[in-house]
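Below are two complexes that have chain A in common, paired first with chain B and then with chain C.
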Partner chain A sequence: MFDISLYISLSLALAGILLQIFKLNKTSSARHKLKNLKFNIISGLFNTIFQIKLFKASRIRWVVHFLVFAGFIFLLLFHALDELISMKLFSYYEPTVDPYQFLRNFAGFIVAVGCIGFLLKKFYSAKSDQRIKGEYKNLFSIFLILLIICSGFMLESSKIISEPIFMEMVEDYAGIDEDSGLDDLKVFWAKNYNIVFEQPVVSSEELLEEGRILNEDYCLYCHSKISSAFVSNILSDGLKKTGSVLNHFRADRYLYHIHYLLSFLMLISLPFSRLFHIFLIPLASLKQQADVKTFQNRDIVFNSLTLAACTDCRICSDVCSVYPNFVIADNINVLPHYKINAFKKIISGAHLDVEELNRIKISNDECTRCNNCTDICPSNIDLQSLWEKLAYILNQTVPEAACLPDTLQFAKEHDILFSPTSFKNCVQCTICTNVCPVVGYCSNSENDMTPQQIMNLLRLGKKKMAAKTQMVNNCLTCYSCQESCPSEIKVTDILIELRQAGTKC
Partner chain B sequence: MKKQDITCDVLIIGAGFAGMAACARASELGLKTIMAGNSSQLYFASGLFDFLGVYPLDPATLLTNPETGLDLLKKEMPDHPYSKTGLKPILNSFDFIIDYLRSAGLEYETSKGRNISVLTAAGTFKPTFLVPETIKKCQMIKRNKNLLIIDFKGLTGFSAKQIAARLKKKLNSIHTLSIELVPDKTVLPPMHLASMFENDVFLEKIAKKICNCGCQADLLGIPAVCGINKSLNILTKLEKMTNLDIFEIPMMPPSIPGLRLKNAFEKQFAKQFKKKRVQFLSQTKIRSQIINENEFILNAVNQNMETRIEAKCVVLASGRFQSGGLYAHRKQIFETVFNLPVHQPEHRNLWHHRNLFEKQGHLINTSGIETDNVFRPVDTNGSIIHKNLYAAGAILAHNDWTRLKSGSGVSALSAFTAVNDFYNSHRPSADNSNYEK
Partner chain C sequence: MKLAYFPGCKINFYLKEYDLSFKSIMKKLSVELVELPFNCCGYPARDNDFEISLFSSIRNLAIAGQYNLDIITPCKCCYGQLQYASLQWKQLGDKTEDKNLKQKFNGLLARENLFWDGNTKIKHLLSFLYNAIGISQIQKRIKNRLPEKRVVTQYGCHALRPFSVTGFDNPHVPQIFEELINITGYKSVEWSKSTECCGNPILKRNRNLSLKILDSKLSAAIEAKADYICTACTHCQIQYSELEFQKECTKHNITPILFTQILDAAL
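Moving on to the complex of A and B:
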């Protein structure tokens, strides 16, 4: 039964992976440009093994993720595949011998802690901002891992208390019976190894001493102290009361089946759940990021294969320059994680009406291309190119009339950045700063300069410095400042031009 | 660019205090009114209404009764706008504006015919005629009072300690309290702070900090940031929470009382706009004009709209140099909309006195448009330029309002008189009688 289910699930998983790759590759519109891709192997490997980008993005998330990752990899290699790896590497390997017994418990423990951390994080982040609704649909894989770990611990502790297994082991390895001191051994094991016997054993100092000698002779080679299996030990203490019932029904056998079947279920679900990011993030990390050159050549080499690496962690939305726009204007469409979902819908060929497309397009136009999201993305997805791609697709599908006027055209006509008349009238009255919703929302670290200070930089001729400020990227273009300026300076237009010009000015 | 055509009875050029007052009066009289200009200049208004704070021009003599000053002014400066009308119309115009603002929910203390001393952010006292209800309790400052003044970290231009240092001699006991709101923020613009006050939870937090500061006070001075709308309600709430008498201290521009004034006027105009009586063309400049015998045709432009306006009457309330009503060329001062003759010193050298603090002031501050008794601009011979062209506010000549502390009074009076005069001489014909009050 074990072998059959193993082969079935293995073949299902393989078929699933192939199917997913086929499906994604079909929608990947930049496939013909795959040859342009350069690979960055070293940083890719580092990111895969140590999740450096997640570390940079959020320490807490990294700790939680790394606990699950490291623990699970250990369990997979040295516990699940012990016949292939552990036994070959270590000549004295036995699952019940230290340090293997302790390490297995420890790995299981940290995976469980990590999973609980994940759930807590999910629960609290869903609570913090009501407008970003917490979605629990992606928790399947976390619960599955948690179940596998729990069933593993239950299996180990049910084996610990099991009398039938003890009897089998005695028969196989010790070959002693009641006459040659089986009762002594029983006494010793009941006391030191937590076994529950159907007929309670009477312990005394003498019997214990006898048992200890027998234990040394027959068992100690393969059985370390039970206290090193620290989780299962505690669990077995708890199970002792119901031990005789469990032993009667051979609960260990059921738990064994449950444990490996759950593991196979995880294997099958690998290509169909969020777990697929295990393969896709390394792929996305290996790919070199788009740089200035790729943008100059207009090679938007976005591969939607890497988009599937998105784990919906929403760190991109936390650092997004237009986050104030979402808070102030209550427009959730501008947030990156929301746009990624929209993009997924579009490329999967789902039918969206013009209104919806228009809304996505207008929200995507709010993006200031500040590159914060690409910098931080723990999955290493090239989001900057994604927005370019999204704009490109929407420009073709949404009718021209709905598009906003080209601000660059305006800049060329009016030369607003270079003619001093556009800002020389500024009297530094701070009204623009006062009416600016971004100044009201952001803290000092999020927003370095206020609009009035940028006008002053321009008056001093510090155009480059002005273009590098956070404010230029944070501007919502709500035009409050321009509407309220008593000197009639086109404050918002100037900010937009600074953003367009970038460091070139 | 979009284009539109509109006709009206009165076109008001400029949306400062004079423009707002003229627009308010015209719409109350039932005239179809258009106002074109940039209302943001009202951010510079303190929200206090001055009548005549200083006269004769000796800084030591702050007037308590403006009437005595006015009599003297009439004798010594017969060209001053006040000398053209006398006391009654000035008080009437103030009463009108206060009633108008009250219907928009902005409460001013009614006049007692005397000047009030208002505590300023510099710690000095300034004479003024009318104050908002939120400021009036500063009159309670007396020697036997325990005064507490609070400021907020990051709110620039307002220091409780500075005010306390100036007031030390006048009061027996004075305390200060500095409240830190957002640790990460070094700049706290007054408007953002004012909108924070509209939140009840925030108000309770502030009240708790005031109650826990441990000083025995019975009067509290707070920078003028207590909410943008319904400021009086907010102040009363705070008074209940702290059991103190509270008054606001007007601050440097951009000032919140000025913003409240702007909002109150604009709120009323929005109501009138529904009745198609008032239209406000914001951020609009007059590009060109044609003057006929009975009407004006003007081209008004803003960023996305070009408007052709036909008006029977124009009130020019475009202000002086900063708002662009007057333009100081190298040799001469020009009026920018109609190119009216400007009363000015003969030579540029006479514009400013050598001594910045000269008692008689600088001559450039008395330049402007000369008018007849109902504020119609006149040319150098003294004859009116157009029977339906009026000028109001800071643009008027012989009006050094910064030194006389008479800015709001001159604006209110001239706007009120000009609109009244047009209304009386051109009563709407019978078919328009439904406009009447």
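Moving on to the complex of A and C:
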């Protein structure tokens, strides 16, 4: 059963990985295919093994992640694959001998601690972070890992207390029976190794001494002190009361099946859950980030496959430069991790209505390309290029000018536009027009109105008309007009407000 | 002296050399820079929404205020925007909508344990060097005077105008930039377009017009027989080094150079 399920899950996992890679790579256009990416080997390896970027971003998260990562890798290599690795490397390897017994417990312990820390963080931020608003996503993998570890400890402790296993071992390795001191050995093991025997053994100093000698002769080579299995030992103390029932039903056999089946479930879920980042962070970490030259040359390369390395950690949104845009306008799409999800939706071919696309486009245009998110991304995803690519895609799908929802009361009430005192002093002296560089550089067809004509439109109450002029769009906001106005009219401020008014629905 | 360093969004990715040279000269002038988790200054949002841009600025000022530090920025658009917002905030009066806005912003800031008392001052690189350090002090520290090259200056609109908001220098006949360049050994030369816009603010909106303005500025600089155009603003420098544009205009054999790079070489 073990072998069959191993091969089934291995092939499923492999097929899943290939499928995912194929699917994601296909969505990248020819220029963006994997083979065209540039790689940076050394920093990539460092980020993969030590998670340097996560360390820089958040120490606590790094500790939690590294506990799970280091513990799990150890268990995978030296416990799960012990026949392939541990036994070949260490000639005296036995799972019940120190340091292997202790290390296995220790690794399991730190993985469990890491998982619990992870869950605590998740629940804490779901409660306190207004951006997440009580979302509990992506808990599957972490619970699965926790279950694997728990079942492992349960398996070990059920083996510790198991009389049937003891008898099998005696038969295989000691070959002693009641006549040659089996009871003495039982006494010794019941006391020192926590075994629960169906018929309680009667202990005495003498028998213990006999048992100790037999133990030295037959068992000690392969069995270190039980206390070094510090988690399972404590657990087995707890199991003692129900020990005879568990032994009767051979609970260890069931737990063994549960333990490896859960592990295989994890193997299968690799390409379909958040665990896929295990393969894609190395890939994303190896990829060289875009620099300013690639941007100036409009040579943006972004492979969607690296996007699957996103673990939804949201650290990018913590450092986002346009965070206030989200706070004021409550447009969550400006935050990087929401834009990542939007991008994933778009490339997966999901249908998004125009309004939704429009919102994403506005948000993406508000991005200042400050590179903060790319700098901090623990998965080293090249987000800077992603936003450029998103802008490119959105420009093609939503070509018409986007307009913002007009939710902001203050601007309406406070606008200079709405108070006639701000432009009624205009005497149409044309000084603003004469100093305006836009007027100077443009022919009449390139720029329809002059600043002084805009002031006149406002005096006539034609605000909407004024907002749609080329002058308002072309204004450099250089404040030459405002500085020169003899009536001290805030010409540039008015033009900027007209521009704002033009972007509202 | 200790100041909060406000790099602005573009420097980190688009103009790393400005960041490096700025830090280098501040170190040489023994000014300690503190890097705080600032957000965007609010200048880009001004085209869309007054409230977003104002809040962005106020949040930055509050972050610096938390440490009792004044802000220094090498970018003129950031400088202008922060000055503008700080003035707007102080001018909010007793009208209901003013009070509402104040209350809203203070509430949002309080969520992050922030509050702005209005005491944070904003300094631009050039006016800081000129007013706070002083020409004579810098002159004393000049170690290698640079060979005499002809340099024209690009002032940058948002620091220069409106004077009532920015208080940077005389908006019609500014001179601090020229004086600062002259102490390095380079020679600043007069040209007609020193205080005119570089065109960057509308690069996205109207690329043709933006580059037309740039083209004319470059021609004027060549007419003035300049070797370099010197900038002290992130956006101006980015505009002058538009790669695509440079390919089209190889005839303009003139290099844009950052003021911090000149001073760094001289100090």
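Here are a few things to note about the model shown:
Methods note: the second predicted complex is superposed on the first by the 391 of 505 C-alpha atoms of A that agree within 3 Å, B and C clash if a C-alpha of one lies under 4 Å from a C-alpha of the other, contacts with A are read in each partner's own complex, and residues count from 1 in each chain.
One rule holds in what follows: a residue touches a chain if its C-beta (ideal position, glycine included) is under 8 Å from a C-beta of that chain, and two chains touch if they have at least 3 such contacts.
No experiment lies behind these values; they were computed from the predicted model shown.
Looking at the superposition, the partner that touches the larger set of chain A residues, chain B or chain C, turns out to be C. In the superposition on chain A, contact is made by A:V319 with chain C only, not with chain B. When the two structures are aligned on the shared chain, A:L139 is found in touch with neither chain B nor chain C. By the touch criterion defined above, A:T368 reaches chain C but does not reach chain B. Of the two partner chains placed by superposition, only chain B is touched by A:V439; chain C is not.
In the superposition on chain A, contact is made by A:I431 with chain B only, not with chain C. Contact with both chain B and chain C is seen for A:E483 once the two complexes are overlaid on the shared chain. Applying the stated contact rule after C-alpha superposition, one finds that A:A329 touches chain C and leaves chain B untouched. Comparing the two complexes, residues 483 of chain A contact chain B in one case and chain C in the other.
Remark: chain B residues 38, 40-41, 43-44, 182, 184-187, 189-192, 195, 253-254, 282-283, 322-323 touch chain A in the complex. Residue ranges of chain C in contact with chain A, taken from their complex: 9-10, 12-16, 37, 39-40, 42, 44-52, 55-56, 59, 97-98, 100-101, 104, 108, 157-158, 160-163, 171-172, 196-197, 199, 201-202, 205-206, 209, 212-213, 216, 241-244.
The touching residues of chain A, when paired with chain B in their complex, are 427, 429-431, 433-436, 439-440, 443-445, 450, 483-486, 488. Taken together, the chain A residues at the contact with chain C in this complex read 292-293, 295-298, 319-325, 327-329, 366, 368-372, 375, 384, 404, 408-411, 413-415, 437-438, 441-442, 446, 473-480, 482-483, 490, 492, 496-497, 499-500, 503.
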